[in-house]
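Below is one structure, written out as structure tokens; comments come after it.
Chains: A, B, C, D and E, in written order; residue numbering restarts at 1 for each.
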Amino acid sequence: MKRVQSNFFRSLFLGILSYLAVWILLYVLSNNHAIPSPIVTGIKMWDIKELLGLHIIASSLRIFIALLLAVLVGLPIGILLSMFPKSDRLLSPLLYFLYPLPKVAFLPIFMLFWGLGNFSKILLLFSIIVLQVIILVRDGAKTIPENYQRIMTNFQASIWQQIRYLILPAIFPNILASLRVSIGIALASLFFAENYATDYGLGYLILSAWTKMDYPEMFAGIFCIALLGFILFRVIDSLERFSY
Amino acid sequence: MKRVQSNFFRSLFLGILSYLAVWILLYVLSNNHAIPSPIVTGIKMWDIKELLGLHIIASSLRIFIALLLAVLVGLPIGILLSMFPKSDRLLSPLLYFLYPLPKVAFLPIFMLFWGLGNFSKILLLFSIIVLQVIILVRDGAKTIPENYQRIMTNFQASIWQQIRYLILPAIFPNILASLRVSIGIALASLFFAENYATDYGLGYLILSAWTKMDYPEMFAGIFCIALLGFILFRVIDSLERFSY
Amino acid sequence: MSIIIKNLNFIYEKNQIFQNTDFQFDDNKIYTLLGPSGIGKSTLFDLLTGFKKPQSGTVDYQNVQRSEILTVFQNNQIFPWLTVSEALALPLKINKVSKGQTGSRVKRLLKQFGLEALAHKRPHALSGGQLQRVAIAQGLTLDPKFLLLDEPTSSLDQEAKEEIQDRLIEEQHTRKSTMIIITHDIEEAAYLGQEIILVTNQRLQKIANPTFNKNNRRQALEFYEFCIQLRKQVRQL
Amino acid sequence: MSIIIKNLNFIYEKNQIFQNTDFQFDDNKIYTLLGPSGIGKSTLFDLLTGFKKPQSGTVDYQNVQRSEILTVFQNNQIFPWLTVSEALALPLKINKVSKGQTGSRVKRLLKQFGLEALAHKRPHALSGGQLQRVAIAQGLTLDPKFLLLDEPTSSLDQEAKEEIQDRLIEEQHTRKSTMIIITHDIEEAAYLGQEIILVTNQRLQKIANPTFNKNNRRQALEFYEFCIQLRKQVRQL
Amino acid sequence: ACGTQESNEATPAAKDEDKVTGETIKFGVLPAESAIPIILANEKGFFEEEGTKVDIESFSSPNDRNVAIQSKALDGTISDVMTEATFKQNETDMTITSGILEDFKVLASPQSGITEMKGLADKKVTLVPNFILEYIMDVFAEEQGFTYEVVDIPSFATRSEALLKGEVDAAVYTEPQASMLAEQGAVILGSSKTSGINGGTIQFMDSILEERPQDIQAFYTAYNKAIDYMNQHEASEYADILSEYQFPDAMSTYLDTQEENYPHAQAVDQDQFNEIIEWTKNKEQINQVYSYDELTDFSYLEE
């Protein structure tokens, strides 16, 4: 446990350091007000720390719920598609059509059905993530060696048992990979999900700071997204221990 | 060959059909002007077919170049990270920080350095995709059985040979998966990359139709993105044949 | 209780493995299968369990369920994420055996197969022979009426081999089940087989029916004579 | 030309495999290693190739490069994406052998190992014994000074086994290389081994040095007597 | 498809008798000067005094707002004449009930060296085509007799970077962004307010106008109270409210430099309206000409 923690802080430190290095480089290279100095941004962050906390909490909650829903829905679908090639042949054309759609263009639909509140924001995030999860889980489950399936058939495992004892442990690394991708996309999408009718959320913070041309505030928000992402990523990395 | 083709058309047909079904369902359910009927949209598409073609070509080219660059850069980096755990420990914190950033927020920076032209658009797409590729390739290469590494060591393969004869074939399915994810994201990001200073591109088409509230045109653009995505996905599926 | 093969035809692409093959495996017996490498012994097992479907002909179960037939595969596949005791518990879990029973059964098998010290190891940390013993033990956790073993002792030293052979005979005896064992070891075929079958010529062929005294065969001269004779017989075909 | 083990200690977690072990493998010889399952034979191979590092002690190469030592692993691992002929060509490609030479060498090996009909098959479509022959052939594509074979004939029928054994003897003879062969088959150990080593007690121990006539041993009574004696010797330890 | 006209005339009659319902009015705003009276009315309790309740939903892009309107997620919004006409064409029935406070400025980029409107002849101007920004630019261009090239950059922030970096020669902006850009070196070439160009509007859904006209009246009473408040107080006094709504400091600075009093909510000029509709039709943004009476009803404004 202690080792894991010290690892976490070491890599957090490394992450922040290299992030700052890139930032300073850009700052010096661009010499433009659109890229504020890390120091000015740091001071800004300190000034609005309570507010920042609220923004972070609001965004984290939305992301967390959306991720949870996406895994709850996407995981079973992905597994089913991999187990029943027929269903895959039937459904994957639709998936392939829906996947590349810019979900943000469907805001009207989300608003129409679910209003302006949190629910439609979470659903927007969900709709972006869930297809990723489905496709990565499906692709992962497809690479399970045929031999392994044979063992389960040998023991006359029911479908549910095959999922429980073979597929879930076998695709655990794929689930982690799909979570990584999903978190990245979810965080980047906050930016669109939170650009209407909200008072809290990092996406909202960044966007409104941008409109105000308050670049230090904007970069404070961006840094928080990066930090939030980093922490979520490390949490996922630490789950790798449960992988074989 | 013939089988593959007929398969393609079968699934294209299925895809369009189910896509239309979802669309019609939404159309009927919402009964709102923001979701035009497929027929009206179809007529619109026919009316602007030449223009639509140009939009598709412009977007495809941008996506293609960005994807190519992302694979050329991301594949080697991902492989190196997987081969040298030290480099992974050093670099992954930065990756984890950069990955979740909303790249669109850096548009001003891209513009600053590379102007309003195609180059900055492609670079924006590239910056969105390349981190996906790196992380999915790395995660994929990490799951190569230790036994396989042993065989290569046994034959005293150089690093380059290990990549050529073991890692590339072994992670081929992962490369395909990362391409799928990347294409999805790239197409969805067109929407942002093409939202400035351009005359052609599906993202531009959708956005300008949206501001004009010309919903049939908007949905024509969305349909084209979906179709483009579908075709790219099927191309990738067909590459699966080269997988073991 | 029997598995009856009738007029079986099986072809891989252009490679005819069985042609109009008939055979019947009865209950309460150990069959040993001999035959050159690549002739179709493992394929036969897949046909018996229904994992592969013949192009024509039938495999009928009489008074036996598919779920009462179990294979121990040639490659000793154990899921890489399971420890030895988890691997032994898996078939029991799947068959919804109670926790208590599972625990005691796993314990007994670990002991019988000398795997106690390895209970918490994963497959990658096992030697070839250890893995093979785990695979056999896994096949014995349930009480299959028909147990198909594909070269179950190929990676074992002589002593371990003999131990496992006796273990198998005892298990068969107490359970009154049927075992079908593929082996390349003539002595093993002779020692274990109540019927010895040769797989060749796209057919199954009974070639011997050892009748010597069951106890202490390994010391009996009679046994070695039989082996030498069997070896000659196999070679001639 | 030799590999010299000095004062070797190797421990897996709490499991001591070798303790202050000394041994020397010389050139132009076939060694066979006998020993109970799980004693550390495969581990010894990993130590000889440097794939595993001893906790203390040394493995020294004298007049031999690491690149001239090759292992044929116990599990016959062949990359699932390669066909048989691609698998045989792989080590040659890695060693930058010219295309023409690679082609003819692969062809010869396919013929010698009776794999011609399987040249374009992938591993999943091979039988256990076929896979094993591919693995051995793969080990022979290059001309290693030391070839380490880990139970190379465990999945082969008697006839194929004898063929491979003779193949190995011939290869060793023409190349004047050294082979170290792990086996559980006493006859194999006696037939192939110019020196027979028992792995046990965390030590390597020469137990026999068969000196009977090299030709036609399989027909010689002398050979079988030797085997019986060897078996007893192994069992006693 | 065209909207029904009878509703416009029917509603005002009933409005005096009914009591203000107190139900919420969902009102969409963008972060611009026009939103300030509404924000103040809300924060200073003027809406409450009138017995009504307003939920201010703020949007960062006109697209999102339009979508919300068409999804019937809002009861009223700030936009402009051409947006209203487009809504109508898209069968979203709303009626313009007043104009708004607004001041659009044409800004030249610092690098361009342009100091007067004429200098923009054949230059690149970034704006959102088909809407009020282009209309204003067109009016200026026509007055001065030149043509210019439109560079379409919908994203607001990207537009300002393009301007400051000199990627484009000019841009059209509303307050407070115009002042901010001016602070950073952009040159103000003209102002819609001083040139008397007005296109911005407040409109409500026909359904709410029909069902709760008294609420809308109350809305305007409070709105005017807020205007009075703005006239009586320095902007710096309510600067913290503005910053809570994510307005930059430049907003209060700009407000304080205004010499004239802000006007109460007022009707949109009919000639101006017709010109805008004509322009919008010419842009093929709408395919029919809407009349003043069809789209407006200013009877909710107290005399």
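Definition applied: contacts are C-beta pairs under 8 Å (C-beta built on N, C-alpha and C of every residue); 3 or more make two chains touch, one makes a residue touch a chain.
Since the structure is predicted, the reported quantities are computational estimates derived from the model, not experimental observations.
Chemist: Could you leave subunit A out and let me know how the rest splits into touching groups, if at all?
Modeler: Contact components excluding subunit A, positions unchanged: one piece.
Chemist: By mean C-alpha position, what chain is farthest away from subunit C?
Modeler: E
Chemist: Between subunit C and subunit E, what's the gap in Å when you average each chain's C-alpha atoms?
Modeler: 84
Chemist: Where the centres are mean C-alpha positions, what is the separation of subunit A from subunit C, in Å?
Modeler: The mean C-alpha positions of subunit A and subunit C differ by 49 Å.
Chemist: Need the CA-centroid distance for the pair subunit B / subunit C, whole Å please.
Modeler: 50
Chemist: I need the residues of subunit C touching at least two other chains; which ones are they?
Modeler: 75, in rising order.
Chemist: Subunit A: which residues touch two or more other chains?
Modeler: Correct list: 32, 34, 108, 112, 210.
Chemist: Multi-chain contacts in subunit E: which residues touch at least two other chains?
Modeler: As it turns out, subunit E has residues touching two or more other chains at 67, 70-72, 157, 161, 165.
Chemist: Report the residues of subunit D in contact with subunit C in the complex, numbered from low to high.
Modeler: 12, 34-38, 41-42, 74-75, 125-130, 133, 150-151, 154-161, 184, 186, 231, 234-235
Chemist: Residue numbers of subunit A touching subunit C in their complex, please.
Modeler: Residue list for subunit A touching subunit C: 147-148, 150-151, 153-158, 161, 165-166, 169-170, 172, 243-244.
Chemist: Residues of subunit D touching subunit B in their complex?
Modeler: 49, 51, 66-67, 70-71, 73, 75, 77, 79-81, 90-91, 93-95, 122, 142
Chemist: Per the contact definition, I'd like the list of subunit A residues that touch subunit B in the complex.
Modeler: Counting only subunit A, the residues touching subunit B are 11-12, 14-16, 18-19, 22, 26, 29-30, 32, 34-35, 89-94, 96-105, 108-109, 112-113, 128, 131-132, 135-136, 139-140, 142-143, 173, 176-177, 180-181, 183-185, 187-191, 203, 206, 210, 218, 222, 225-230, 232-234.
Chemist: Under the stated contact criterion, what part of subunit E meets subunit B in this complex?
Modeler: 62-63, 66-67, 70-72, 86-87, 90-92, 126, 128-131, 151-155, 157-159, 161-162, 165, 167, 285
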